[in-house]
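Labels for the chains are A, B, C, D, E and F, by order of writing; each one numbers its residues from 1.
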Amino acid sequence: MREIARPDPAVCRALGTQGVATVHEAQGRTGLLASYMRPIYAGKSIAGPAVTVSSPPGDNWMIHVAVELCRPGDILVVAPTSPCEDGYFGDLLATSLQAHGVLALVIDAGVRDVATLKQMDFPVWSKAIYAQGTIKASLGSVNVPVICAAQLINAGDVVVADDDGVCVVRGSEAAKVAQAGAKRVAAEEDKRKRLASGELGMDIYKFREKLAALGLEYK
Amino acid sequence: MREIARPDPAVCRALGTQGVATVHEAQGRTGLLASYMRPIYAGKSIAGPAVTVSSPPGDNWMIHVAVELCRPGDILVVAPTSPCEDGYFGDLLATSLQAHGVLALVIDAGVRDVATLKQMDFPVWSKAIYAQGTIKASLGSVNVPVICAAQLINAGDVVVADDDGVCVVRGSEAAKVAQAGAKRVAAEEDKRKRLASGELGMDIYKFREKLAALGLEYK
Amino acid sequence: MREIARPDPAVCRALGTQGVATVHEAQGRTGLLASYMRPIYAGKSIAGPAVTVSSPPGDNWMIHVAVELCRPGDILVVAPTSPCEDGYFGDLLATSLQAHGVLALVIDAGVRDVATLKQMDFPVWSKAIYAQGTIKASLGSVNVPVICAAQLINAGDVVVADDDGVCVVRGSEAAKVAQAGAKRVAAEEDKRKRLASGELGMDIYKFREKLAALGLEYK
Amino acid sequence: MREIARPDPAVCRALGTQGVATVHEAQGRTGLLASYMRPIYAGKSIAGPAVTVSSPPGDNWMIHVAVELCRPGDILVVAPTSPCEDGYFGDLLATSLQAHGVLALVIDAGVRDVATLKQMDFPVWSKAIYAQGTIKASLGSVNVPVICAAQLINAGDVVVADDDGVCVVRGSEAAKVAQAGAKRVAAEEDKRKRLASGELGMDIYKFREKLAALGLEYK
Amino acid sequence: MREIARPDPAVCRALGTQGVATVHEAQGRTGLLASYMRPIYAGKSIAGPAVTVSSPPGDNWMIHVAVELCRPGDILVVAPTSPCEDGYFGDLLATSLQAHGVLALVIDAGVRDVATLKQMDFPVWSKAIYAQGTIKASLGSVNVPVICAAQLINAGDVVVADDDGVCVVRGSEAAKVAQAGAKRVAAEEDKRKRLASGELGMDIYKFREKLAALGLEYK
Amino acid sequence: MREIARPDPAVCRALGTQGVATVHEAQGRTGLLASYMRPIYAGKSIAGPAVTVSSPPGDNWMIHVAVELCRPGDILVVAPTSPCEDGYFGDLLATSLQAHGVLALVIDAGVRDVATLKQMDFPVWSKAIYAQGTIKASLGSVNVPVICAAQLINAGDVVVADDDGVCVVRGSEAAKVAQAGAKRVAAEEDKRKRLASGELGMDIYKFREKLAALGLEYK
């Protein structure tokens, strides 16, 4: 698939600023990839449309095909067709993606050259860090729907990633979710101030009566 | 349970300075939480009395109840009633705990907003980093004995946590353990110097004869 | 075993500079230890001859025996005789190894005192960080072949370790592998420049025809 | 969702007879649920349309809602909204499902009363056997698309399950896959006879030349 | 500890007949050991007072000490002091326990000789099946409180085990729990009949109004 | 490698009768494959020389090559070059192996068609049961040393497998180990009788004095 619909870049930037936890909540507590998807280094918070790759275990050929189909601001998403921790991706592929403006890699498998990737500031969220080399022997698919770390990701869906992990937002819902996320951020600001001043969540959220009704007792 | 017995703060400070490995040894190689309990960022070494929370899977309501019962210097300990990695805790709850002087969270489940928690310098030891939202629907218990990551923790027990993980000390034994730990630290100082000068543990600890008696041979 | 053959230190230095991924590829995609072997802190890239220890679960006595047999530049490799995450190793043993010029520890088990080890700049690659104390009761073996994290390691084999994990090179093949690695590094330099300029791997590696022959279609 | 499209029962029966491995191959090596999905007892091979349930962790309320929407021959598929091993399902729910002609349960969580389920001959494929009780507090969804053990399952998709695990076939492709599966079964019959007579796969499949061309050598 | 309080054998028999799921529910959804505790063969449902053993990793000496302290009807519970899958227990120890009337072993570690144990009809619930031999070098403790597979078990607590796993009941609560379990069994009988006749749980439990009030909609 | 040395069939039969636990002990508590290697059905106890296969992840081509090199009584051992659970092996390959007198498969990966394999009485010990299809694209090696489930296995080594798992014996040591195993079996017979009569291991093995010397106390 050469052509995919990409959401408004401003929407992606907004989602990237809000971060994974906020976006996850803003869309009704959905879209989180499995907790084993961890960043190879801390401190990044990004979002962008997914270019998806479905690849056989231990075969990274289709990533090369995908590079050509990426646009600046995209995030490459790679899912093997059966569970695999091999090191599909290293600094050469990252150099190529970075040259084409790709923001990051999200891969339900392994990655290598992580020290160099950190120096290059090319972030990766992966299942494993593992140098195991891969082959180039079989075809896979680019820009098809994939199951990546327990979530369905379509080409053009927005992938949000930070130190909390990775969340996917349907492309068609991205603008609406970004609005809901912005509201949530604003609403939290006031709560944060009240909590910082020592006020209790029990009082702010008026939990006392509900808990008493359920039978909470103090001894 | 509103009122719990808390050990002497000076004892807690001593245990926090000694650190997990020393305290674990000083109390007879007991009290270590499972190795999957990892800090969300490195470099902290703390200790304080536990305020414990037993909570249903995916329900963080009781943490709000617990905040009110915390005192400065406490460490909040959360254990779900069945295995769960959901993100019970984020930056708003941390803001509230920090406002009440709570030192840290130890949770046998997930945590989120970890980048913000690091900025706030609010340390957490957890089983997972996972943004999955939780609900507020069911009662749990505060300040009851809990099994957290393979250890029994009572309210008022001292929790020690550093980059090595987490260790629990019974409240009634905290002073004794801190004394034993201090002796151990002092005893190690001399050994460290001798080892640093190149002297062998084989000689310092007089292992040669014992090993020879057991049949150790060199080829 | 007191005496072991050690490869040329210059070869070890070369392998340490090339790093795990390059060395793994240079020797035909072999030698990688399991992906669970992680550094306790980031940023080291080293290589050196292995001094191997086979040790009962929860018993670190033989590490003391091994210290005496280490030479400057060596890497200590510890494998328990059954799976174990206990903390066989801490700052005192590291002090002793560092005094004898040992570069690092690779252990298919647990390690403790990791904050101090980082301050000392004594790197460790381990299966776990776990403070659990060990005993000194049973004999094991030093400088015998061990299976460590899914690889066979002989005394005198070269262990290469960096942020990607750990790789082993047979001692007799170290010079040849270092040469192959150097070629690989040189060859990658040109590719990196072309990829950085935006040229596609599809063109550099001439993948288009091969992929078309296999049936790749664009939609 | 009350109404779902269900494939032809004869197609389901055919797929159930062919079994998981054949169906998986017949549809192009896709559709397998994760290998941790195991039958609670051996010897069943079934297929039927999925009635899907998305349920909060530790809350089995929606299964009761789903029972009413099941038809004879259906297979109930349950996926929690975050990873959970709690025992959502036991003999009472099985009694109810069996009374309505439901063939089996596929659940990406835990099940209990497994001895009774075996006596009742009500098969279950699950992630865990775990008696942990669940609550009835929150809404979920019935007959929405779910991710269950690493596969997307829509209501009305055909679920095939046997001792090898579980495979999903899109409802719209079920007839075509059953045909392809039947061809595959027929083709294997001849190969099985030749292999049973001692003929080598190397000869039957004419591998010798291809392998020699790739460089296979005998020593 | 030589002498421990044991609950009434009739209470234990009742709990063994009710089984793990019922007993777990009857005592308020508590007491379940981790789901990795599995029977080495199916079909047993038992209960008895625990004789507990705390043992170093890879050292089964204290099991021999414990045999002498067992009485007919007891269940031996073994927990290592750090995680371990070694084969602490085989057919000789089972022969000895069986000769003294012990019903079963529950061990948070490994077991071996499982084919013979099945022939002898000596049931075991364990974390692993693993033949790794253990040593007899260090002391442990018998009849102390242990953490076994995520639950606290005291000597004299009742251990209930069947194909669903293992549950612990405090000795002092065993009679009360058995009564509550009996009520639960009786109450389920009526529900089972109604469900078997095709009546819906939605109607029996009157869920329709509650679900509608929460907003459940049918499409 | 076409030709490999095979131990005396009588020795293999003896080891198969002794079983994994006895053989493991008889050779000094070595040789056990990881505990995740489980039989697909219970009740077999076998031993035979290994024909080894090293195979890329998700590629079973080399198994076809290996069939031709197998002799009656052999056991096929397959190890992927990186961790993989794909279903390398099913009933057609089993039919072929059975036709050539091969006893069993030991595979550090997945297997499928397990219901049929049980009907055929062709035993398999594997890491997983998983139907995921594999390809035939890359070369591997036959009869080279492999690391299989944490053990080194050479072609011609004896593989022993039963319900306890799998153990490897060096070909050159097989006769000696079988003798030691026979002695062990004989010695256990007497102990079993004494234990069955109620005599305590504490007395038979004279543990009381040793334990008292170490400080064992009864309360």
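In the analysis below, a contact is a pair of C-beta atoms (placed from the backbone, for glycine too) under 8 Å apart; a residue touches a chain by one contact, two chains touch by 3 or more.
Because the structure is predicted, anything quoted here is derived from the model rather than measured.
Participant: Hey, what chains does chain A share as contacts with chain B?
Facilitator: Joint contacts, listed by label: C, D.
Participant: Do chain A and chain C face each other with the same patch, meaning over half of the contact numbers show up on both, or with different patches?
Facilitator: different
Participant: Quick check: superposing chain A onto chain D on C-alpha atoms, how many degrees is the rotation, to the nearest 5?
Facilitator: 180
Participant: Round to the nearest whole Å and give the separation of the Cα centres of chain B and chain E.
Facilitator: Between these chains, centre-to-centre, one finds 29 Å.
Participant: Counting in whole Å, what is the centre-to-centre distance of chain B and chain C, each centre being its mean C-alpha position?
Facilitator: Taking the average C-alpha coordinate of chain B and of chain C, the gap between them is 31 Å.
Participant: Between chain A and chain F, what's the gap in Å when you average each chain's C-alpha atoms?
Facilitator: 43
Participant: Give the residues of chain E that touch two or more other chains, as numbers and ranges in rising order.
Facilitator: 29, 32, 35, 82-83, 85, 130, 132, 138
Participant: So what shape is it, when you link every pair of chains that touch: line, ring, star, complete or other?
Facilitator: Topology of the interface graph: other, matching no listed pattern.
Participant: Got a list of which chains touch which?
Facilitator: A-B, A-C, A-D, A-F, B-C, B-D, B-E, C-E, C-F, D-E, D-F, E-F
Participant: Note which residues of chain A are touching chain C in the complex, please.
Facilitator: Going through chain A, the ones touching chain C are 1-2, 41, 61, 64-65, 67-68, 85, 87, 90-93, 95-96, 98-100, 110, 112-115, 118, 128-133, 136, 138-139.
Participant: Under the definition above, what is the set of chain F residues touching chain A in their complex?
Facilitator: 56-58, 82-86, 130, 132, 135, 137-138
Participant: Per the contact definition, I'd like the list of chain A residues that touch chain B in the complex.
Facilitator: 19-21, 24-25, 29, 32, 35, 38, 42-43, 45, 162-165, 167, 188, 191-192, 195-198, 200-202, 205, 207, 211, 214-216, 218-219
Participant: Sort out for me which residues of chain F touch chain C in the complex.
Facilitator: Chain F residues touching chain C: 29-30, 32, 34-35, 81-83, 145, 147, 150-152.
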